[in-house]
Every structure is written in C-alpha cells, then in structure tokens.
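Let me give you the structure first, and then I'll get to my questions.
Chains here go by letter, A, B, C and D, matching the order in which they are written, and residues are numbered from 1 within each.
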Amino acid sequence: MSNSFGRILKVTTFGESHGPYIGAVIDGCPSNIKICEDEINELLEKRRPVNQFFSTKRKEKDRATIISGVFNKMTTGAPICILIPNIDVDSSYYEEIKGVLKPSHADFTYYKKYKNYDYRGSGRASARETAARVAASLIAEKILEETNIKVFSYLYSVGDIDIVFKEEDFFEKIDKSVIFCPDKKAEEKMLKKLKEIKDEKDSIGGAVGFYIKNTLIGLGEPIYNKLNAKISFLLMSIPGVKAVEFGDGIESSKKTGSLRNDLFKYENQIFHTLTNNEGGINAGISNGEPIYGKVHFKPTPTISKQQKTVDTQGNKKILKSFENDRHDVCIAIRAVPVVKAMIYLALADFYLLNKAYGM
Amino acid sequence: MSNSFGRILKVTTFGESHGPYIGAVIDGCPSNIKICEDEINELLEKRRPVNQFFSTKRKEKDRATIISGVFNKMTTGAPICILIPNIDVDSSYYEEIKGVLKPSHADFTYYKKYKNYDYRGSGRASARETAARVAASLIAEKILEETNIKVFSYLYSVGDIDIVFKEEDFFEKIDKSVIFCPDKKAEEKMLKKLKEIKDEKDSIGGAVGFYIKNTLIGLGEPIYNKLNAKISFLLMSIPGVKAVEFGDGIESSKKTGSLRNDLFKYENQIFHTLTNNEGGINAGISNGEPIYGKVHFKPTPTISKQQKTVDTQGNKKILKSFENDRHDVCIAIRAVPVVKAMIYLALADFYLLNKAYGM
Amino acid sequence: MSNSFGRILKVTTFGESHGPYIGAVIDGCPSNIKICEDEINELLEKRRPVNQFFSTKRKEKDRATIISGVFNKMTTGAPICILIPNIDVDSSYYEEIKGVLKPSHADFTYYKKYKNYDYRGSGRASARETAARVAASLIAEKILEETNIKVFSYLYSVGDIDIVFKEEDFFEKIDKSVIFCPDKKAEEKMLKKLKEIKDEKDSIGGAVGFYIKNTLIGLGEPIYNKLNAKISFLLMSIPGVKAVEFGDGIESSKKTGSLRNDLFKYENQIFHTLTNNEGGINAGISNGEPIYGKVHFKPTPTISKQQKTVDTQGNKKILKSFENDRHDVCIAIRAVPVVKAMIYLALADFYLLNKAYGM
Amino acid sequence: MSNSFGRILKVTTFGESHGPYIGAVIDGCPSNIKICEDEINELLEKRRPVNQFFSTKRKEKDRATIISGVFNKMTTGAPICILIPNIDVDSSYYEEIKGVLKPSHADFTYYKKYKNYDYRGSGRASARETAARVAASLIAEKILEETNIKVFSYLYSVGDIDIVFKEEDFFEKIDKSVIFCPDKKAEEKMLKKLKEIKDEKDSIGGAVGFYIKNTLIGLGEPIYNKLNAKISFLLMSIPGVKAVEFGDGIESSKKTGSLRNDLFKYENQIFHTLTNNEGGINAGISNGEPIYGKVHFKPTPTISKQQKTVDTQGNKKILKSFENDRHDVCIAIRAVPVVKAMIYLALADFYLLNKAYGM
C-alpha cells in the first residue's frame, strides 16, 4: 500500500475501521506553530456523523490525542503523531457476512490483492480513515494562516438536485447547514430526497464543490506536479470519488476558445481576468483568481436493501441487508470536510515549496 | 518545477518548445527489453500534426535518438535518455508579441512565478513537451508486453458532438481515423465542425476517452496512490485538461446505489461484475474489468482571432492574430496519443510494484 | 525534519524521549507475513539497558503494541503502526538544566534550528528513538526469511581495545556477551575498561562491526542508491556515528591494486573471490560474498563529570554532573542491535525492489 | 538502477562511458540564476585527466552544452539538461576482453544483475559518469552564492603518505597542485610514490579530505536525513569509496567524552566551540563550525599488470595488461573535484529546504 503523500509536508496515515486506533504522522512541519488537540477535535466534529437520519448512527465522538511533535503547545519540527481511538465499534455484522463480496466495494480487490485483509467495516478501505486526513489538515491550515488563503467546500448536489450560487455570504452559510449546503432552497429539496432514499433502503450519489479564496499567485509545480494535478490526485484518493473538475470542467470541452478564454485586465496595479473559466489555474499554476471545482461521488455502495452477490469461493449469496443506521445515505455529505482537508494539505505543501524558492 | 513522475519506473522530461531538443530520461527500467528508435518514432508519428487543416502546419517530423541505456538493442537497466530535436522552429512571431499576456495561457503564471521564462512557443509549458512523454511510454508498453494489457485512447467528443459505441471492433478503428475517432458518423460531423471553427479563426474543446482491456486484478496502491488517483494525476498534467472521469464519472453522482452497484458473478472460475459502472476500479485497485473513463480538454487558448489583453507592464494590448496554421483547432485531437502514453506509464509502474510483492 | 526512509518498504518514526510514546509506521509491507508483538519485544529487549553498570539505570522494559496493519496475526499490506510507551521517565533533571547547552549534544543545533524543542532527555534527538527502528526491523527480518540472509552486528572495539576474529562460531557467540562482544578475551578487557571509565565519571567511544552472511547477488541500485551508499546513509543517522567503513575500509587507501584486488574463481558452478577486501560489494551491488564493515561511535557526550559551558543566552554555566546511572558509558554497546536493524531494513527494501525486476 | 538524488534540487544523470554522451538533468532549480556553459567547462577541466603520468591519456577535453532550462543566460526554473559528448573513445580493448571479469570491478555484479550491460569502459559504472555530477554541481554552487559557504576538497593521502595542515592559506593552495595537494612536502613524496607505482604497473589507494567554511547553522534534517548521513550517501556513491569519516571520525571511537566533547563558548554574540572534534555537525545539523572529514578510496582496480581471473562462463583467463596510459594510478586524485561537487549538491538541497521553513 501507499499511505503517505506530500513533498515538504509529508502525511502518513494508518489504522483500520475496527482496530484500536486510526492516526496520522505529519512530518516536515515547521516549528513554532501553535496547535492543540481541541482544534483537531473541532475539525473532526464537523466530519463525524451527526446522528441525522442520513448518516450512520455510530456515535464516534472522536477525541484525538497528539502524542509527539508538540511541546509547550507549539510544534517543534518533529513529526506530529495524532491518534484517534475507534470507539463504538461492533464487528458482529461483519463476522456474519465474512467472505461475502459487497458490490462496488473494497472486498473483492482487497481480497484478491492482499489475500489477508481486515474485512470488518472495510478495514483500511473504510471512509473512517478520512478522519486521520482531517486531523492532519489542521497543521496545513495553521501553516497557511500567514496567508489569507481560505478553502471552502460544500455540498453541491444530491442526485439531480444542485445548488445555485447567489448571495454575497454564500460560503459563510455552509456551516449553518447540517448537510453543508449553503443554498437554503436546494438544502430543503436535498433533505427531502435523502429521506426518500433512506426510506427506500437505498443510497444516492452527490457532488462536493470547492472554492479557494485569496489564493496566492504561483502555487503549483509544472510540468507534472501541477496544482490541479496534485489536488486531483488527493481528491481521487477519497473513497467514492469518480470525477474531478476544475473551473468550468466538463463544460469547457463544449466551448470555443474565443468565448471561453479568460481575458486579462490590469486595475489598481493588480492583474485580473474578466472571467474565470479556468478556475484560477493557468498551466498548472495558480493565477490569483479563486480556484474552484467539483468532486463527484458515487452513491454509497452499502445499502440496506438485500443484494445478490457471491462469496470469495464463488458461491451465490444474498448479501443481508445492512442495518438501516449503519451506513450513510449519501457519502458526499460526510466527504465535504475531507475535500477541504485534502486541498489544505496540498496548498500548504506547495506554499512551503514556494518559500524554498523565495517566492 | 517538478518534471519527474513514477515510483519504480521514473520518468524525467526536459526541454522547451523552441530550444534545441526536448527529451526524457527513463530510470528504473528493467534490463533486457528490446527497444529501438524506430518504434519510438512510430509513436511520435501518431502524435505529430499531420498537416490536416485542423492542426498546426509545423512540419515537425520527429526523429528520436536514444543516447544511453540501450546496448545491443536491449535495455541494460541504466537510465535511457531519449533526445528529440526541435526542427522547423520559427520564433519571430513570439518576439513580436513578447510581453503580451496570451489569455488562458501559461504566460502570466510563468512570468509571475519564474520571472525569467522562455516565452517562445510557450517554452516549457508548450504541448510540444508531451512528445517526450509519448517517447517514454514505449518503455512502458514494452514492460507490459508480458501481460495482455492493452490501452486505447480515442477522440470522444468535439464540442457537443460525441460518439456512440456500437461495433465489435470499435477500438481497432481508432487508428483509421485522422482524428482518432472510431465512430464514422461522429467523425464526419466532427470534421465538419472543425472546419467551421477553423474558418471562424476560433478553436473548440473536446474530450478524449480511454479504455484498458485485459487489465490485471490488483493494480493500484491505496490509500493514496490509488490507480484512479495516479492516473488522474498524470492526465491532469497534460496541457488543457479540465476534468477527469472514471467509469460513469459525473453521472455516478446522480444515481442510486441499488441501481448502480456492480453485482458480482462467478463463471468459469472467474469473478466478473454484471455491470461496470465503476470503470474497472474498486477502492483504488483494478478489479479485472475494463478500465475506462474520459478526459476533458478546453478549447485551444491560442486562436487566430484578435484578442484584447494587457502586457506584463499592465498596458492594454491587442494580441495579434496568430497565423491560422500555427495552432491546433482542437487540442483534444493531438492529446489522444498522450492520454494513452500517460496511462501506459502509470500501469507499468504499478505492474512493477506488484511484482515486488510477488503479485 | 525528515523521519522516513525506504523506497518500497517505507519506515516513518515519531516520538520523543519524554513524551508518552515513541513509534513507527511501516508502509509498503507485503501481506501475509506472520508477526506478533512478542517478537518485537524480544528485539527491544536486546536493545534496552540491562542494568549493567555500563548502561543507564532507566528500567525501560519496552512493551510494543501493534495498532494497525496486522489481522489474524498476519500482515494485511496496510501500514503497520507500532507504539512503544515511554515509562520510567523523570524529567526533573532536565528542568534543572533547561537552557544549558550540553557539549557535543543536540541542544545547540536543535535550539538554533527549531527554536522550540523538547529538551527533556534530548527529545526527538534521543537515542531512545532508535527503539522504534529496532521494532520496525522485525518486519524486514521477516521479509528476508525467504532468503538465507543473516545479519550480525557486534561490539568491535571499546576505546583502543578491539577484538580478534578466530573461531568458527564467532557470530553465534555475540548474544552470549552482555556487551555483544564475541571475543571472550577482548570482552574481559572491555568490561574492565568500561568500569574504569565509569569510575572516572567519564564515557568512551567504541566501534560496532557488521557482517552479512548468505547475501544474494545483485542487491543495490547504482549509480546513487548503491548498497554501500544506502547502508551508510542509514548507519550515519544513528546518534553518535562519526565514520562508516566497508570491507577493508580506511586500510584500502593504503594498499596497491595488485595486492588488494579480489580475484575471481569459479568452483562448483559458483563464482567466488579469493579474498574479500571489497566487503562483498562491487560497484554498489552485492557480489555474494559476505558483506562486512564497521561503524565508529564517539564517546557518549553526556558524562557524570561537571563541564564548563554556556546557556542559550550566552551566560557561562557549569553543567551539573549527570547522575552516574542515567547515561551509558559507551553508546556503541547499545547501538549494536540498532546497526543490525538498519541493515535489515536496507536489505529488505533492496530485496523487494529486485523482485520488481524479477531478480 | 537509481540515478537521481536530491529532494528540492533533483539531479538525474545518464550516459555510459563509450556511448555518445553523458549528461545530467537538474530539476527544481530556482529561476534567475546566471549560468553559462563556460563555467561548467571550467569545472570539468579540473576533473579531467591532465595528461600527467599518473592519469589516463584519454584526451577528453569536455565541452558541455546546456540544452534546456536556461534562457537569456539565466535559469528559468525549468529542468536544466547538460550534455557532455564522449570523445576520444576507443572500444577495441574492451572488445578483446569481453566477458572476462575484471577483479574488484563492476563487471561481475553488473553481468549478474542486469545480464545485458555495456562492458566498454565499464559503461554506466565508469568513473566517467562523475563528470555529469561535476557539471550539475555548478548549479549548486550558484544557489549557495547568496551565502558565504565555500567547499574545499583536496588530496589528503596517497598510500601511507599524508599531509599536514599548517599554513594560513592552506586551502587556497589546492588548485596550484596538479594532484590537488596543498602541502608542498607531501605533494613531492606523493608524486614520487605515484611514479614508482606507475613504473610497477600497479595502482594505489588514497584519501580525499573536505572542508566547508562559513557554514550556516541549521543545515540537515534529522532523524534520518541528517547532514552527515546525506553527505555520506552521496560520497559513498562515488566509484571506489570504502569509508567516510566526519570530524575526528574513526579516532573518535578511541577517545573519552571528557577529553573529546566540544565545549561551547559565547564571544562577540556568537556561539562557538573551543574544539571541533564533531566536524561542525551536532545531531545531524550543522552548528556553524567548519565541517570537515575524509573519504577513503581503494586503489584503482584496473592495473597494467596481468591478473588471473575467469570469464562469465567460468573459464580461467589471464586478464591482459591494460595499456599503461588508459587508467589512473590513483583514483583519489581525479575524485577530488567530485567530492566537492557532491557536497555542494547536498548543501544546496538542504539550504533550499531550510528556506522553505523560513530558516
């Protein structure tokens, strides 16, 4: 496996869904950054299921512990290890369905590739693992505090219901919604849809939007480690992602150059573009305009309905229905803070790299 | 900059559009692979503009030279350096527009980030650089010859014209089309559209599809270096890409789990899925089904129409029209072999890594 | 900081001397390797101070816990996190000498580089950290079990007393000595010397030898990641190392080629060399002969005598004498198992890499 | 193989002794560094054989060409590819001894590991390859120009003749000696010894010293990527190196702590140590004192005397005498500029990394 990423700021995560802990080691962190466990726990709180009808009932109130790299409440430059205990884990269901291949899930490929794998709660492949990423992202946020960069992520769509941007304080409204949806009207429809899907013992896909304000000019390392390439890499590693778009994304392929090109202007000694179809990135480097895009999530593969499948021996099986409350109706919702976390981690790494070059 | 990728098979490229050479160094290559320059030149031939009306007129008949790593026509394990001379380069136009920021182009960010950059033909940011990637991909193809893996890429759409899959020998038809489009009807419409756009001195976006046959089970390294994540990274690094999709991609976000999940079956001692919405990847690891997806390209930012812009000093400028024949009408066309090249390079790297684990 | 190493088998360590835990994450481990905590604890037992007069009294009976990556007592391919609690830590002495620069120690450079650092027991710079390396090395040993490779390390010298090779079962005697010295006569002299040094409240340098039996031919990746280069890198990272030699090492520089060259012979279908001055490595690649060399350690910088120094403000200070029992008389002794651990980790990594190439 | 090193400043080299070119790609270089081919050629001139009796007669007047990454005589941030043609190569001798294993040489291990290898002039394993490292080091020197760091390397010993430090302008005298020996008396003895060895058709070992003036405090990344560890790695990768020492090196293992510890003083607002046994490095980080050490080289394995050996089929062979003028009497001499080059490359990389952290 490959459980590390980052060039200057290196993140390594570990732990399985039903093991004692999940955790992260963040290495290459600058010293003298103020950091405390409460701040990590606040971030984790946003990510955890909130006992809403659309999320799993698992009461995993996460309490992270920093076990290294912080002294007198400040980072020392040493690797920061964060441990998050797994509590409220009940493996009985997984013992019952042991060997049965869950459709569109990790079972089959993990079984084939690794032979021995922790099938309980999907083990290492569980979305539970993303809590460690979110915890690690606090360090990235802190590193970027000396800039004005601010990353937002929000629920863009549930099934075919999507949001409409309009208000001034659009992004500030994200946290007021239980589903991270800043468009009140869309939120209502989404919640209604989620309820229906839940009642049908089904799941549904969704998309997460991201928006980066006050971007510095010059983040990203072409030709390969482009800003969009690296962010795509990190977003595609989130469980359930099937597509990533930057700027006008897929729509760009339908347009003509003369209508789509972002023309430059120069005002008040600042370069700007009249439009921002590129989503703030030219040739893999941030141009100072807002960076935005979308991440598309498939429906949760775990559903409460019964499904026909086979086991690892090839025997036909009926996959027992999951308890209705042990899975998310729409994984995109819980992924919203994870998208933000991964982007913060990418940006902090590029930011430190720019500093190496005096940029 | 960051001009290397790959973990076992490491590729480093170099060179600017109007410099004497572009090239690649491929390190970590197994020894005893038969390789010759003619094979590289064949691959390059597919990538180069064919003097069709929709491509640049630059007569860059590329002739690659292998200057290291091959002895007695076989690889030695030593780094393979491939040089491709830049011929037929005329920098006069670029001298005329020196300092003028081309919209949606690399000029602005390169200027801001690096201060000194080779503006001639976009320098390092030129799509010309992708020839080195294509040359390097021959090594990857050769490494994978001991498997049956076969990667196809094709022109999926031009503007809003897209193809329809139907025939048995669909992928075999790709190379018969001057625009890599295996659907004859769509090809006609596309060529017509390209002609119109050309006459309007404009450019247009397009999408490239990819399809991997006879995939091995078990390629990809979760949690971060997932097969889809790494391929996305490499595809997003191709100039002009704004979105990458795997399997049903964006559509997945609109579906319900019960209808979308790929159910397993077991027939003739082989596991298969009844559908393949996931595009052959479960939890970041190939499951043996065909891997497929799409890459969306923006319209060529260089157009023959005049455009309003500013120069690096902030002065308003009119960007002179480019000669009609010095740019591609639709970059997606020329990118078709590049998409294939990047996927081959990703697969070969994962394949070697699997062998390290006896997989 | 940089707390990871390894290319296929990646080791990341974390933790400070007086923090709650030290630990390691081993990523890239093959699945299906049988492993248990008891085996790690056995390795740690060898490394820990044994309450001999020459070692610190700290009763750190280490008990490692594996918190991820192992399921049903077998590795799963997922990252293995090993935690080792720090027990019996008393920071009071370090609070007393806070800010006083210990000569030839980490204080000054950590203070200057990181500003905020955990000065208690040298924090991250403590030799305590090497326990995590030793724990991680079990994985490497296990990976190499399918070969016959066997790594030995032993105390080669204390001050100017060094050992003489003679017996057949030389290396098997290492573990019978409390100071890892397989030469009984030398051991006696060394213990006497250590006692004297201890009584003088001083410390003394020493050297550790290593010897690798049944080496495979072909380990090592020139031109840069040569077998000797990588092992040197890892050995030089052990606290207190000032020199590393391979084969006849320093003596080689005094010899002539005609007398020193290792001539080849071919017997019983096997290539051998008549002599082994190269120490089993030609051009950075193992040649199948035993690999051997030496690692030279400075005397423990912490001594029980008082020393003149300054504090971080530049004020003259007398460094209080350390309690006689809180430091090692000769760090080379405790480093013996660490040298073996680092070599195992290097070899396992090269071994997996060779498998990637079908070697 | 593994032909790259460096974390921020990445160097990749390629090319064989008897191929058309050797070369280097330097990636991650800051932009706006003034650089020209003449400066590279000056560095190469120092490394090349000077037709002295003790060096090979090969008249390889190297002329490097920069083919990318430099525009208007300044770096652009793009990868810099430097090509050095191999001229005056005569492969006839190597064809004659094809398949015969040269003792203490690369033949055997390259043959066994790679099967197909370029045996002409040792191919990739040739010391010729170090010319590319020297060329690359110019970039490192330039990056460090904004500091006062100055690296010196010199011939420390030939066989058992070694130098004595005395004069003020010791290091400035290095370049006045044809064998890079700043001690006039030792130089005379060395030249006499070299002549004798030459006349005996033999070769001899030697050691290279290094000395770094005006070091910054804080270079090096513990726990693994320590300054001494990384420099050792790079020095051990130079052909013929058998040992590396820092500070008092091997002698340190014979000393007591009370006599060896470097005591701190504070004068004129600067911290210094009264002695410098550590060689300017504490706990893997530079402490501001001069960094010094030694690198020990074995005698050139190629000698003009006949040697008994076997061929790759195991047949007994007499290795024909090499022409007296086609090999170096003492490889340490030609390695002097290479040692300096590798240290500059290590320092520049750590320097850029420190800047990432605002150090």
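Here is the rule we use: a residue touches a chain if its C-beta (ideal position, glycine included) is under 8 Å from a C-beta of that chain, and two chains touch if they have at least 3 such contacts.
No experiment lies behind these values; they were computed from the predicted model shown.
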item	value
Maximum centroid distance from chain B, chain identifier (CA atoms)	C
More contacts between chains, A-D or C-D	C-D
Centroid distance [mean C-alpha coordinates] between chain C and chain A, Å	40
Distance between chain centroids, defined by C-alpha means - chain C, chain D (Å)	27
Rounded Å distance, chain A centre to chain D centre (Cα mean)	47
Of all residues in chain A, the ones touching two or more other chains	1-4, 13, 31, 77, 113, 124
Graph class of chain-chain contacts, one of line, ring, star, complete, other	complete
Chain C contact footprint on chain B (complex, rising order)	7-8, 30-31, 77, 352-353, 355-358
Sites on chain B touched by chain D in the complex	1-4, 10, 12-16, 19-23, 25, 27-28, 31-32, 67-69, 71-72, 74-81, 113-118, 123-124
Complex contact set, residues of chain D against chain C	1-5, 13, 101, 103-106, 108-110, 112-113, 124-125, 129, 157, 159-160, 197, 200-207, 217-218, 220-226, 228-230, 232-234, 236-237, 239, 241-250, 252-258, 260-266, 269, 271, 273, 277-279, 282-287, 296-303, 305, 307-310, 314-316, 332, 359
